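Accompanying notes for the structure given below.
Residue numbering begins at 1 within each chain, and the chains themselves are lettered A, B, C and D in the order written.
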Amino acid sequence: MSLVEGSSEAAAREVLDPDVWHYVSRGAGGNVSVGEAAGAWRTYRFRPRVLQDVRRVETDLELFGTWRTPIGIAPSAFHQLYTPAGELATAAAAFACGAPMVLSSRTTTRLEDVAAVIQGPWWFQVYVMRDPSITAATVRRARDAGASALVLTGDTPYVGYVPPTGTARPLPLTDELALANVAQHLPHEGVADIWELIDQDAGITVDTIEWLAKESGLPVIVKGILRGDEAIRCVEAGAGGIWVSNHGGRQLDGALPTARALPEVVAAVEGQVPVVVDGGIRSGTDALAALSLGASAVFLGRPVIWGLATDGQAGAERVVDEVTAQLRHAMGLAGATSLAQLDPSLVA
Amino acid sequence: MSLVEGSSEAAAREVLDPDVWHYVSRGAGGNVSVGEAAGAWRTYRFRPRVLQDVRRVETDLELFGTWRTPIGIAPSAFHQLYTPAGELATAAAAFACGAPMVLSSRTTTRLEDVAAVIQGPWWFQVYVMRDPSITAATVRRARDAGASALVLTGDTPYVGYVPPTGTARPLPLTDELALANVAQHLPHEGVADIWELIDQDAGITVDTIEWLAKESGLPVIVKGILRGDEAIRCVEAGAGGIWVSNHGGRQLDGALPTARALPEVVAAVEGQVPVVVDGGIRSGTDALAALSLGASAVFLGRPVIWGLATDGQAGAERVVDEVTAQLRHAMGLAGATSLAQLDPSLVA
Amino acid sequence: MSLVEGSSEAAAREVLDPDVWHYVSRGAGGNVSVGEAAGAWRTYRFRPRVLQDVRRVETDLELFGTWRTPIGIAPSAFHQLYTPAGELATAAAAFACGAPMVLSSRTTTRLEDVAAVIQGPWWFQVYVMRDPSITAATVRRARDAGASALVLTGDTPYVGYVPPTGTARPLPLTDELALANVAQHLPHEGVADIWELIDQDAGITVDTIEWLAKESGLPVIVKGILRGDEAIRCVEAGAGGIWVSNHGGRQLDGALPTARALPEVVAAVEGQVPVVVDGGIRSGTDALAALSLGASAVFLGRPVIWGLATDGQAGAERVVDEVTAQLRHAMGLAGATSLAQLDPSLVA
Amino acid sequence: MSLVEGSSEAAAREVLDPDVWHYVSRGAGGNVSVGEAAGAWRTYRFRPRVLQDVRRVETDLELFGTWRTPIGIAPSAFHQLYTPAGELATAAAAFACGAPMVLSSRTTTRLEDVAAVIQGPWWFQVYVMRDPSITAATVRRARDAGASALVLTGDTPYVGYVPPTGTARPLPLTDELALANVAQHLPHEGVADIWELIDQDAGITVDTIEWLAKESGLPVIVKGILRGDEAIRCVEAGAGGIWVSNHGGRQLDGALPTARALPEVVAAVEGQVPVVVDGGIRSGTDALAALSLGASAVFLGRPVIWGLATDGQAGAERVVDEVTAQLRHAMGLAGATSLAQLDPSLVA
């Protein structure tokens, strides 16, 4: 089952600047992980229940907020690369769909402006910057602007290696846009160091979880987990949730597909905190597999970008709505009427 | 081993209207299940017995009737789409071959007319409609017309999702034809609701099994089972047989191939009721695998339609006869002279 | 590792009549088994021993005769289809190579004439014909002509199904040639029945093993075994050897590749009698895998025919010699200097 | 992740004489092992740790010498085929990179001259020649010239079989070059026997390990091990290290990929001696897999030759440096800051 035609990968490729397209679609290294992510979900098969009353199928969800769908929007950087309204479009789409949205640390819009278009909770993704005071200030701003959870990206001590292609040029992004969210925290002088200040701090450890929780008063979900023991280590360090991800294949190339990693993480966590997942989810049946295997929600990265690129807010909405509709349809055919009824026995 | 040349998939494609062809050949969603069904049987290999007296190989079968072959005709809708004589041609072919035929609830001919061309038993497939009195009346008619079993399709609370293709048009089917079997039960007025009345009832449960048995006095085989626990649940609710099927890949896309599901279901049922199977059976060796793994009979869906399309009754007959001949030939080479001698040790 | 270039499959295809080529290369049914036979050996990998003294590597073998190589010639019908000297060329090649040869029941030369070109033992392949007296007479003649073992083909109660191709014509073979070996046993009158008399008897059982042993005084190897329990059944019925084969994929299509079946059969037989194997062996490393897994010898079917077709006796010799040379070379690199040193630990 | 563009396989192919190219790139037999080596590493997936302080990632290594990287240079013959400075270029590159280099027994430069360009240890690869006194003299010279370990190639009692291609010609190598390292030990007369004298001795056994250790006073690493029991046999015979290799697929074709063999060998050796590995390592993530699975170092064969061919010493340096950089990057993303922190749990 593929996404709505008008917001497809092919449609996005046609409208995007080739360098932007390459930035969005590429993974890291040899593109092993990015290339296999979606296929890994399709290795699962369904074992439906039959003869259940499925006249009403609900996808409602409580997860650091109340949502109408477990199909969320993963954090991704710099949405004005895709549509003029940038993150405003994304946020409006998320709100319209009743979907959880995670705003990236790297946005082309101030988070307060983004928050303003959502009449309810949202989550804020955190990169701890080399100057931790900037991060501290930012997460406080996020809390004040209505964020109900933080998502600490744990798989990015530094940016994943991308082999030189010969033809790639820098992203068409002004400093002003690239720095929109953090500009207010930067020193007015000594500009030579700016990029260094806001670069990821490769030295952060699990202690960061407590620190963020304390600074913001918000639950901290750790993103980028692919093993059970790491999930437990984060939970013991205070994590309020675990996000199984290999960063869309953009960090350690060859990292396990999330479709393979999810069951181990769910088993290790034993329900102490919710587990969510992203990576290669492209349809309602992909989502059905993930949710049946124990994810509380799934997140779309590139598909939402495709939607933004092809049709701004409406495009992003179509993507989330369509995957939600596919999920609801598939749940009924599998004999389930609520997310609570999904369990691993539905998957082989 | 492929089907007889003159009734092949390619031959049918040539003669059928493209929309009808698409309707027949497509699955649901991303066509995962429809695409892998036949190949899943070919993953099995045979472990033949040798030096057995195989001068006479029989394929006789008792299964809610007496048949000369375990190669049956699965229920499919609207046969006048394929050949002018519609279900009359199919029924005549089944009778000529000594094969079990299942008449769909959705036919282009009144069931009584179809029954008239068969001098013996047949099975009737049931969709419970939103107005249950129509279904009740229909199954009583089927019993009166000689049906020896009901096949309750359990995997279709509603019709499987088919992504819009842009070019697909409605089937070339008049209301009169589409309603042939149920017209007599429809109210003469309030036509606006008709399609709603006869649509599947998404609310039916296993209680439907007892209800149908009581209304008709016939054994009820539940079709669309892919897991052992679901088979048991149906048996406990009164099912007289289990039909392993994913509806030709037309319902929940990504549902387990029946070739993979069959052994689990057979093991769970432990011989309490017969188990039959359909999906991707295209040759006598596919049938040999299924029967060895514990199916009492196998059913052909699309191949019979190809036969009807290319040559009406004769075409359908050629398909069933040829697969039966291939099965008989293969049984002998495997050292078996009757269906009772087939066992799982023949398959690896 | 492929065969010598001048005697390759491609070279044979060029010189042979297309109908003969089709007869040789095709399998039965959907060509599943014939298509996967060679590849199945290539799924094995070697675990060589190192630092062994391998200055002398021997391939000598005692197996119902004394041979210089375990690379034998499998029985195949009608060699005058491939080279004017027919089976005389094959036999001379076998003798020159010191290789065991199995003469088919279906030859274009009288077995006495074939035997005359071999100064030593050979094996005779048996199809039990509907008139058993013909078979009885033939095996006695074989014994008298120096055969040291019989090979009873157990997988052919009748000839495997070949789907009609539309273009295939009968083999270019006169009755005289086709009947060369049995003509002397046929009644002079009632010619209409001849082909029926010499057709395989589909009614033979394991009792045939004792009968043949008694008629000929020779050990009986049963050919066509793919399962351990069947091997044991034959051994208990008096078999002197077991030949793992699926008849080059020409009988039950989809029968297990011999590369997969061999280990089970070897394990079941527990050394009570020797086990040999054929099917898809195309190089010395294929042979190394088979011999390591417990085969006492391996047999080439089609490759010898390619050799005959391209260059008569010399071509057949090149094939057997080259595979033997490859085997000897590979044995040394695996750290083995005799067939006795090959064991399953060499294979993964 | 592929190698640096300027030193790639494709770049080397363009500059090398076709016969030399074929000599470098080919494997033995049917090229099964050479063809699958690299892909076998890519079947592994990573299970990274997150939220570790990875500001400093070190690749330092003690292993019969002190090195800055575990990416070593495997022994290969005749480097003047690739670059005019031959082994001098290779040695200088190894020293510049801080990488372990193994000098082949078959060089186009006297080992003393090679050793002179390295200000530190290096390893010497040993083929025991039919005249053992030549080998004895050579290993003593190696020790005197600063070698810190011997690498006894155990998988080459004779050179692996290469099927005739019809077009291949002898390597463009004068006798003088081919004999550079051993000329001083050859008798001045009786030249007809020279190649025989220096050919591998197919009769050597594990006793050679002790003999070499005694002659040279150096630890002896046995190269060409693919099974645990063979590793133990060598360790018990005095080996100071085990080198898992199938000789780049150039000896027994179909020998196990080293990526599959490594875990068994590491498990068997139980840390008694270090284990290293080569074969198909083409990137830092390939190296990460090998090192995580228990290798102390990994060695590059052909990639260094590609570097030499495209740009002499600088090309070889780029290859080793780039793979080291990729490894260091990947280690950090996997949460490890030193080789000691790599363990099998990082790999699935």
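One rule holds in what follows: a contact is a pair of C-beta atoms (placed from the backbone, for glycine too) under 8 Å apart; a residue touches a chain by one contact, two chains touch by 3 or more.
Note that this is a predicted model, so its numbers are computed, not measured.
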- [ ] Compare the CA centroid of subunit A with every other chain's and tell me the farthest one.
- [x] C
TODO: For the Cα fit of subunit C against subunit D, please give the angle of the superposing rotation, nearest 5 degrees.
DONE: 90
Open item on the list: For the two copies subunit B and subunit A, is the contact made of the same residues on each side, with over half of the numbers shared, or of different residues?
Closed with: different
TODO: Mind checking the centre-to-centre distance between subunit A and subunit B? Centres are C-alpha means, answer in whole Å.
DONE: 44
Open item on the list: Centroid of subunit A to centroid of subunit C, CA atoms only: how many Å?
Closed with: 62
Open item on the list: Can you pull out the residues of subunit B that are in contact with at least two other chains?
Closed with: none
Task: Pairwise chain contacts, counting only pairs that touch as defined - done: A-B, A-D, B-C, C-D
- [ ] Would you pull the subunit A residues touching subunit D in the complex into a rising list?
- [x] 29-30, 32, 154-155, 157-158, 160-161, 163-164, 166, 202-206, 208-209, 222, 224-227, 229-230, 234, 251-257, 260-261
TODO: Mind listing the subunit A positions that touch subunit B in their complex?
DONE: 1-2, 5, 42, 44-55, 283, 285, 289, 326, 329-330, 332-334, 345, 348
